[in-house]
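I have placed the structure first, in the form of structure tokens, so that the comments after it can refer back to it.
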Amino acid sequence: MIQQEIMRVISQQEIARNIYELTLEGTMVKQMNQPGQFVHIRTNPGLDPLLRRPISIAAIDQTKQQFTVIYRAEGKGTNLLAQQTENSQLNVLGPLGNGFPLNEFHPGETAILVGGGIGVPPLYELATQLHKQGVKTIHVLGFQTKEVVFYEQEFAEFGETFVATVDGSHGTKGFVTDVIEKEQLDFDGLFACGPTPMLNALQQRYKDRKGFLSMEQRMGCGIGACFACVCHVNEPVNGKDYVKVCSDGPVFPIGRVVLT
Amino acid sequence: MIQQEIMRVISQQEIARNIYELTLEGTMVKQMNQPGQFVHIRTNPGLDPLLRRPISIAAIDQTKQQFTVIYRAEGKGTNLLAQQTENSQLNVLGPLGNGFPLNEFHPGETAILVGGGIGVPPLYELATQLHKQGVKTIHVLGFQTKEVVFYEQEFAEFGETFVATVDGSHGTKGFVTDVIEKEQLDFDGLFACGPTPMLNALQQRYKDRKGFLSMEQRMGCGIGACFACVCHVNEPVNGKDYVKVCSDGPVFPIGRVVLT
Amino acid sequence: MSRLNIELPGLSLKNPVMPASGCFGFGQEFSQLYDLNKLGAIMIKATTLEPRFGNPTPRVAETAAGMLNAIGLQNPGLEGVLMNELPWLEQFDVPIIANVAGSEMDDYVEVAKEISQASNVRALELNISCPNVKKGGIAFGTIPEVAAELTKQVKDVSSVPVYVKLSPNVADIVGMAQAVEEAGADGLTMINTLLGMRLDLKTGKPILANQSGGLSGPAIKPVAIRMIHDVSQKVKIPIIGMGGIESVDDIIEYFYAGASAIAVGTLNFSDPFICPRLIEELPRKLDELQVSHISELVGRSWKTYAG
Amino acid sequence: MSRLNIELPGLSLKNPVMPASGCFGFGQEFSQLYDLNKLGAIMIKATTLEPRFGNPTPRVAETAAGMLNAIGLQNPGLEGVLMNELPWLEQFDVPIIANVAGSEMDDYVEVAKEISQASNVRALELNISCPNVKKGGIAFGTIPEVAAELTKQVKDVSSVPVYVKLSPNVADIVGMAQAVEEAGADGLTMINTLLGMRLDLKTGKPILANQSGGLSGPAIKPVAIRMIHDVSQKVKIPIIGMGGIESVDDIIEYFYAGASAIAVGTLNFSDPFICPRLIEELPRKLDELQVSHISELVGRSWKTYAG
């Protein structure tokens, strides 16, 4: 059930350059059952900015009724978000969308989790939950540069973790796909979240493998009502030649969505 | 010299229903030399609301570099202002306008200070400064109702203080002009600030007396550049048939401005 | 005894609040959030003869107190709406206002004819003003003679009253309103979006794939108020007002200007519960204004009244 | 070596930032805040033949991310401007753009002829679009033939280049721009305000004594960007852009759209130091964008360029 809730800020800290980790508390957390879902946050109670900001759920703590998001302070909305401090109140709509399917992987199988930049966060809760069900995970995380790398240690606790930076300042120089090839990584299936060019590269390479990609689109409503976030699909789905990222996704089976 | 300064909130408290007393600190205070001047406050760093809010200076403390304003939280801007707490930062433009002239009164004379609602605040600094130069003051303060009365004690410390409320819930029932007549108050001159109908009543009654009225008008710039706040004058002033409330006023000699 | 019910051509509204076309899909998503029976009416997404995918993405961009959209009238087409969307909406006791769009006059006429026969469609909203379709759309909305002709043709075939949705992108909104009134329009809805554009700071290119889009939200409210104020004094047909409504105060302002009902568009995105919230808050506002029925407020800005 | 200087007809600008007409008076007030020599130019308040008091107050109202004004062209009249305002401005090394307004064509012509001869007036800005004067003004701005005729007559008498200030309250801004270009305009300034209105919640009446007024501020920026984007591709004369500018990012967006210089209006009220601040911030922004001269950005939204 989608809820709108005024949630309390438990903590917020800058964990890399302009990258913030924000933990919120509220009853909505009960509804969060799938890694890869997102929330739609109003960064200001007024009209400036007007639209909510979609941010992926990065970690869920059901006992404390808390969840964490990780985001980059970039434009107006996320910069306002970064100003929130302990006990601030935030208007959150969620949980939204369909996340990564867990039941497609069996105990003992290996999944590779590929993240690019601010696409990395949802993979963290995914890794947590895959491990709970006995799935091994390998992590390949791509960033622009050393200063914006985050959660390398956290992923390393779950399994092998490779970092690529575009400028080579940390880990392998290049893209995540370079790492996968260079390291000749072996996997039963793949999960990825990141910029469209990265997803596109993965989809082209691994279109016949078991895999799931999480997409981004500019959004209006976030709940499927405004048709802002549609993508073409390669084959009609339920008689439709498009999907909505917000309500049909943001996670889609590899190969489903037309990426360019 | 008009300054724009990011000032620090020293304190804020609700002193009557929806009436707030806010004290700010900054170097701008050095420029504040006349009771009746005002500041133009940006209630939000963003675009909502866009315009500044003009608020009169109610008290000045040169030693501490602090000044106080008293305002009613009414619309969007003043309600945002009311949310500021100790150590918040506020963008203030000021001091603006020409205040009450002190040199028109001599030691031993008696001035009557007539305030209506949120027109009362600037009279407080005025009373302070008149007393410093040996002028006696009588205060007649009009409010809607008991719950919004403020500073009655503070004025009483300077001299006789009468309160009128429209609904009769405190002091005399009726308007400030009723009090002046009923009490047959005697004075050498008059200062007033309040709603236009009040100023108009005073101007009609006392147009031949020594007196000064502080006006309100919706403002754009607050510094005399946009022509938002003009009023007609009864006689041309410096060859002009109008004055600007923000830069020529807000205080004018009684009889100068056409009030309706 | 309701203080909020409004009778308009074809529409018996329990209250004057409805979602605006294109901001509410066909209702299914919002029905998961609250009971749609609370709404005065529902203006469904534009329906065209054939299914449309609409424009490439990005389709939305944010602006100061507003947003741009260039959805491009994506919809499942007349048949899809008749077969799936409208029947699904029948479970609710809420009048549906069907937003009708097209590229050619004949498209409008055909859609209007068919969709007006659906049992829960109580009125049509002729979308002559969508800035996001290159062909037809915009010209229909800016040339009074063309708008009038379209209105007439649609009126001839429609089984329900026809409201014409006016574009604000004109110099003379009153002339446009009078032209469609004369052509037989039963009501007006106003305003649609203003044409606008935002550019990407990094690339220099428009953010919207369609380049320009429709500006909506609180930014345009003063334009809507002005147009409704001017038009309502010059036409006899009722107006459903919209443009940036976000509070009961805004609703009151629209009524004062001359609207007889209102629609909420963009703000459904910032607060998906806004429509039921406003409906709930309205009676207290009427108390404050000491008004027994909301219709007393219509046109107060220009009507001479005691006091 | 300046990265900000711009050459336009009649105007050698040290930088492309100037205050917009009506938001800066005749400069005296702002000169107490900063050195006016920093400005690229100054667009002075509209000058009419006779002194005007303007509209009754209230003359301003606030809107979401914007404001309405109905000043009504208050100004000391041609003689007052020639005798007091322009001579005072001579102490600054800044080109003055004189905004010219009137009720009749003859008024414009007479003001233009006289004021264009003042030694520091380097260009005229024909205010054919002020929504706040009942007679003349608005029609001049919405009928291309009338606007063209006025432009021609003013060009005939003006000693300096003539920029025409376009109204956004039209359906076809490109047609309007082309009409005045053909009539001899040397440049365009755009946009003036959109027509808007706000109502007082307590009384129901318009807040502005003049009822409606001109909407300015960030709310209208997307409308301005769209119009400049469309017009700049269809005319050869340069455009000075304005509408809600509040940051260097906004300036860049206007340049991308097709403006060759910009003016700041409403935001002077929120931040009276905005013009010198933006001028100071611009070079760092150009560094970020890896651009050596700001003029390289003009029209990037529609120009095909390598990359």
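The chains carry the letters A, B, C and D, assigned in the order they are written, with residues numbered from 1 in each.
The rule is simple: contacts are C-beta pairs under 8 Å (C-beta built on N, C-alpha and C of every residue); 3 or more make two chains touch, one makes a residue touch a chain.
From a predicted model like this one, the values you see are computed outputs, not experimental measurements.
Q: Just grab the chain with the largest centre-to-centre distance to subunit A, centres being mean Cα coordinates.
A: B
Q: Please report how many Å separate the Cα centroid of subunit C from that of subunit D, as a whole number.
A: Roughly 34 Å, centre to centre.
Q: Find the geometric centre of each of subunit B and subunit D from their Cα atoms only, then give the gap between the two centres in Å, rounded to an integer.
A: Chain centres of subunit B and subunit D, defined by C-alpha means, are spaced 36 Å apart.
Q: Nearest whole angstrom, what separates the Cα centre of subunit A from the Cα centre of subunit B?
A: So the centroids are 55 Å from each other.
Q: Which residue numbers or ranges of subunit B touch two or more of the other chains?
A: In subunit B, the residues touching two or more other chains are 47-48.
Q: Which residues belonging to subunit D are in contact with no fewer than two other chains?
A: 63-66, 217-218
Q: Is the way these chains touch best called a line, a ring, a star, complete, or other?
A: complete
Q: Considering the complex alone, what residue numbers of subunit A touch subunit C?
A: 1-2, 4, 42, 47-52, 76, 91, 93, 217-232, 240-242, 247
Q: Within the complex, which stretch of subunit B touches subunit C?
A: Per the stated touch rule, the residues are 47-48.
Q: List the residues on subunit C that touch subunit A in their complex, please.
A: 22-25, 28-30, 32-33, 45, 53-54, 57-67, 69, 71, 74, 76, 207, 217-218, 246, 266, 268-273
Q: Can you name the residues of subunit C that touch subunit B in the complex?
A: 64-65
Q: Spell out the part of subunit D that touches subunit C in their complex, as residue ranges.
A: For this pair, the touching residues of subunit D are 63-66, 68, 142, 169-172, 194-199, 201, 204-206, 211-212, 215, 217-223, 225-226, 229, 244, 249, 252-253, 256-257, 297, 300-301.
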